[in-house]
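Below you will find the structure I want to go over with you.
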């Protein structure tokens, strides 16, 4: 099998009928991850591949250990949804050294330390910073005079939380005229998101925008708004990221104003990319997921397609 | 003057327990410290060793004013203490307990285990105790633990050894050995403070006596200058009327048997014990340390499971599964180790006293406070429990007073059979006589008592008959008429002779 | 009955019960200090809505912490409460949504949705107690089993999926109001009052304390230590079950992955701040209530004042230590 | 000489704990045999070495935890401390590998000292004191790291501490081994070990026996902090980053290891070697589960994995309880 120049250092993937592939998942404690895992398992099942699935339960270190056990078991290729940018580098390198190609899903690793096309095949996924930016841009255009923002952050220290905050904050600051009243972590969870929103709304009754880093917290915020006697989507703009069915429905219902999709259905694209790689095709360093954007203009129409 | 404690004051949450108390000890003398339960003896000792801090007063040791802030300090200054409640580490081995905090070291600073073992064995040998020093201490009964505590105390190369009721769970032979040790210490110029409620012991070993009453030092005297009766009077602050109270009122039992145990056995410690207790009788259970007395009592009470034998109470064969069943059948049990098996330390005197009758105090699950209060007050008064109030946590009571509360716990349920394991352990002379009198009075009203005691004198005075155990077997049953110390000793030593 | 001459009259009765009260004042002092601080600093603090938010948020912790208080009073600990909440929270919607078995009558379905999860949680609590008493497994490890496996069971039951629902009858437990007071707050109050009564006035309460204070002595005094212990774990489990229902009802969604996550530590902290010794033999139910309120208020204060999460953790740590310290100081008098 | 206690002789084993130790070692061997028979490559050197490399961190915190538990205390802060130490180590790693090492250990030391002071001076129960320390350590780690992972230097040789080998074995495993040997000597052969255990037997009693209880407790919590700090250094070195959010649940893993190793949570009884076996045993379960997934017969979801882990823990503790019970009745 010959590849392009960029593939020079990469371990090759021989063409076979059936593969034994590894999927090292980060965690499975939220609907998004569950949908992602399911999509991977379904696709592997469809192709008749054997999928070695591990769950790192939110620990980057355990994820490296998981990858190592996959290497020990001699899988053909590893799909890795890295928990974090830096700590997963050793896993990528170990696989490379063992001659097993790696495809990263939904989060990338630190480009200063490992490069797509050299150390691993490619990164398939969205750009968290961009997601934050897109939602901010929508807000800048459609705020209707509402400018006082409460931000519900994801789990402190996690990269989607950091990036979604970064993209959003930068765009809002660039636009000017907005005030970020409070920005606190709701741990990507509905209950915590609700509790934090309740407290923040109480301390800042003048808030009129809530930006949540994921759907779950947005749903929690809606509950908090309703409890405080405010109409979500009308009195207070609600913004979210992920775009699951419940959230898109909420857009249809007018409770969420806009949501950026971050589609967890990686299965088809992941295995397609793997097949291309096996054939020796040249793969881009970043296979971008094209994520949708739902707002009242398209939500009803797109509802059926939401994951 | 080796030690001089002057004008010591101490209060616990507003209650004054020491009031200008003093205590002086000369080098090499054996000083007795006596007083009623709660007089403040143990508190005095704890202040000396730094376990408690004093509110006022001064302590001079070896000519220097000292201020021990911890027992580690006093220990390194040359004071070895054997506390009233045996304070050792149950999960550590016997040898470790003896040498804890002063282990023999090897050249590398590590524990010299061989030496530690050998020395421990040697020390215990002096006390005629031939036990496996590598076993955790918790495997041994109260008496053995007491001996280990003593061994720890006397091997510390101290200038002053304090024994707070060290003999309360020992039998006479062990006490004799202990006294031999005290004399040896004395010869080496080591002074001893000796606290005991057994007055005869004081006369046997002590040079002088300090008497405390209600937190004050009321008398200091050479032992030989004070008569026993006068000593008691000084302690109590009044005449003791009932000193030989436990007279038998009936010469023999009326025939009805309440408890009949046949061929009880359990494990290696109870092999074959049979005994019978008549209604209204006080039955004694005698034996050497380790003869299986406690174990036998526990079997009857269903605190442990028995392997064999039968037990009938009130004419019915019984098979209690747990103490609750025995209690329901009218049996009470005062255990020998009040700290481990008796008191619930954080609970108040009131709660502790009524623990066993809780089911009876409840109306649809709710405790009848008024009745509880009434019972508690009655028994506090009857037994002369010295406490600040019934609401005081029991751990704050003096040892003897705790013991009284535990007795009350069982008396208040009006049992048919009361098993008392060393019931007067740590109880002062006045109270002891009264407790024995009380038991006798209750027996006259129909209560049966099974009494285990290491004090033969007490057994002889109180029991209607004594069953003697040796090596887990009942070897003799001696009726009151034939009871004497010699007779008991001979019976107790029975199999000993064969084994040796 | 033979009476004896009393040797010494009992000394003047000290004001013991008041001392116990003071020990509770320690937590109270911490609580009042926090309120004063908030009145000065936090915007819009004095309002009914603030009270409402805090009470509804603290309710679940209190409900769980009361059960934990009883468990701790026997000298145990229950790490499994969070997982039991997840199981109960997963079970309820499955029942009224008909996922397990379609129940035609909505009223019956909702009734079962209240009863079954709580019973299951109580039964799992019994299992904890069984492990602890039957095999003398140490409570922290025995309950660690369900801490790990329990959430897994809830996840397996739901396949990890979120259950979203809208069922007014069921959600009354969290969203409803009686005389204007949120139902969950009422449940909390009832649980606290009941537990305080049990501890103080009933024989069972005394048995709990005795078993925790000295198990050997309690057993020798005829207290069925095994039964008492099993029972407190049942109570703790059932209360966790109720809390699980409240949480999912409040969120209109049940997420087996997250319901009750970390609850055990919150509950234990509430118990400790409330003055109950973790070594057993004591139980201050009202203290636990106050302790939970202190922790909730700390959380609210930090949130409302925009303290960044990382810094909030440090501050929270300091405040917990401070609260327990004040509590203990007051107790020592 | 009277030997009236001689009948006590025949009781065979010295202690319950000795048997619990046998239990855990037997279970460990059984699990290894099971894995070797069932899975290809389970006994491969790759698997064995990466297993040791990764789990040395857990072995370390279990060691510190064991000592703490033997005194009757508990240290919930180990995970947070390790996370914070990894950040500090990463921050210092560019200067010199030793700077990184020292930084991480110092972080652990500080937490240990704080724990010790709060527990012995402020008299706050270990559970609460270390719970608070856990929160504070996470908070501090996040603050130092600016809420994200901190790269370590790949040039100073720091990563060797986590990724390097010595005599064919991973350096982290050597480090853990060294700690364990030191811990074993301290506990089993040095007077301090007697003190630790005596305190666990009863603090008040130990005090009356003249032990320097507070000093010993201080030392024990500091040791636990240092072990966690070392685990943090390995964490940073092995994964190339200081990770402020890592370490969640480590304390429970450590507690379970210690208990499975036969140490009583009530203090006073314990074994260092069995703690190591306990940690390896529990870690092995994860490894086995990963391999089981690889067989592809039943792809166990993460959920089933936690159920199985719970059941496994249950089986081990019941096994131990039975052994102990059999001994107590025999």
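In this document, chain identifiers A, B, C and D correspond to the written order of the chains, with residue numbering beginning at 1 in each.
The rule we apply is simple: contacts are C-beta pairs under 8 Å (C-beta built on N, C-alpha and C of every residue); 3 or more make two chains touch, one makes a residue touch a chain.
None of the values given here were measured: they were computed from a predicted structure.
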Comparing B-C with A-C, the busier interface by C-beta pairs is B-C
Relative to subunit A, largest Cα-centroid distance belongs to chain B
Whole-Å distance, C-alpha centre of subunit A to that of subunit C, is 36
When centres are defined as mean Cα positions, the distance from subunit A to subunit B in whole Å is 71
Distance in whole angstrom between the CA centres of subunit B and subunit C is 42
Whole-Å distance, C-alpha centre of subunit C to that of subunit D, is 30
Residue ranges of subunit D touching at least 2 other chains are 142, 147, 301-303, 305
Among all residues of subunit A, those touching at least two other chains are 28, 156
Where subunit C touches two or more other chains at once, the residues are 155, 159-160, 277, 309-310
A full list of chain pairs that touch reads A-C, A-D, B-C, B-D, C-D
Per the touch rule above, subunit C residues touching subunit B in the complex are 1-8, 10-14, 16-17, 19, 201-204, 206-207, 209-210, 213-214, 216-224, 277, 281-282, 333
In the complex, the residues of subunit D that touch subunit B are 1-11, 14-15, 185, 189-191, 193-195, 197-198, 200-202, 204-212, 268-269
So, in the complex, the side of subunit B touching subunit C is made of residues 13-15, 36, 38, 214, 236, 241, 301, 303, 322-324, 326-328, 333, 335, 340-348, 351, 355-356, 358-359, 361-362, 365-367, 369, 380-392, 409, 430-431, 434, 437-438, 441-442, 445
The answer for subunit A against subunit C in the complex is residues 28-31, 34, 153, 156, 181-185, 189-192, 194-196, 198-200, 202-205, 216, 219-220, 223, 227-228, 246
Per the touch rule above, subunit C residues touching subunit A in the complex are 42-44, 47, 49-50, 53, 57, 155, 159-162, 164, 247, 250-253, 255, 257-259, 261, 299-300, 303-306, 309-310
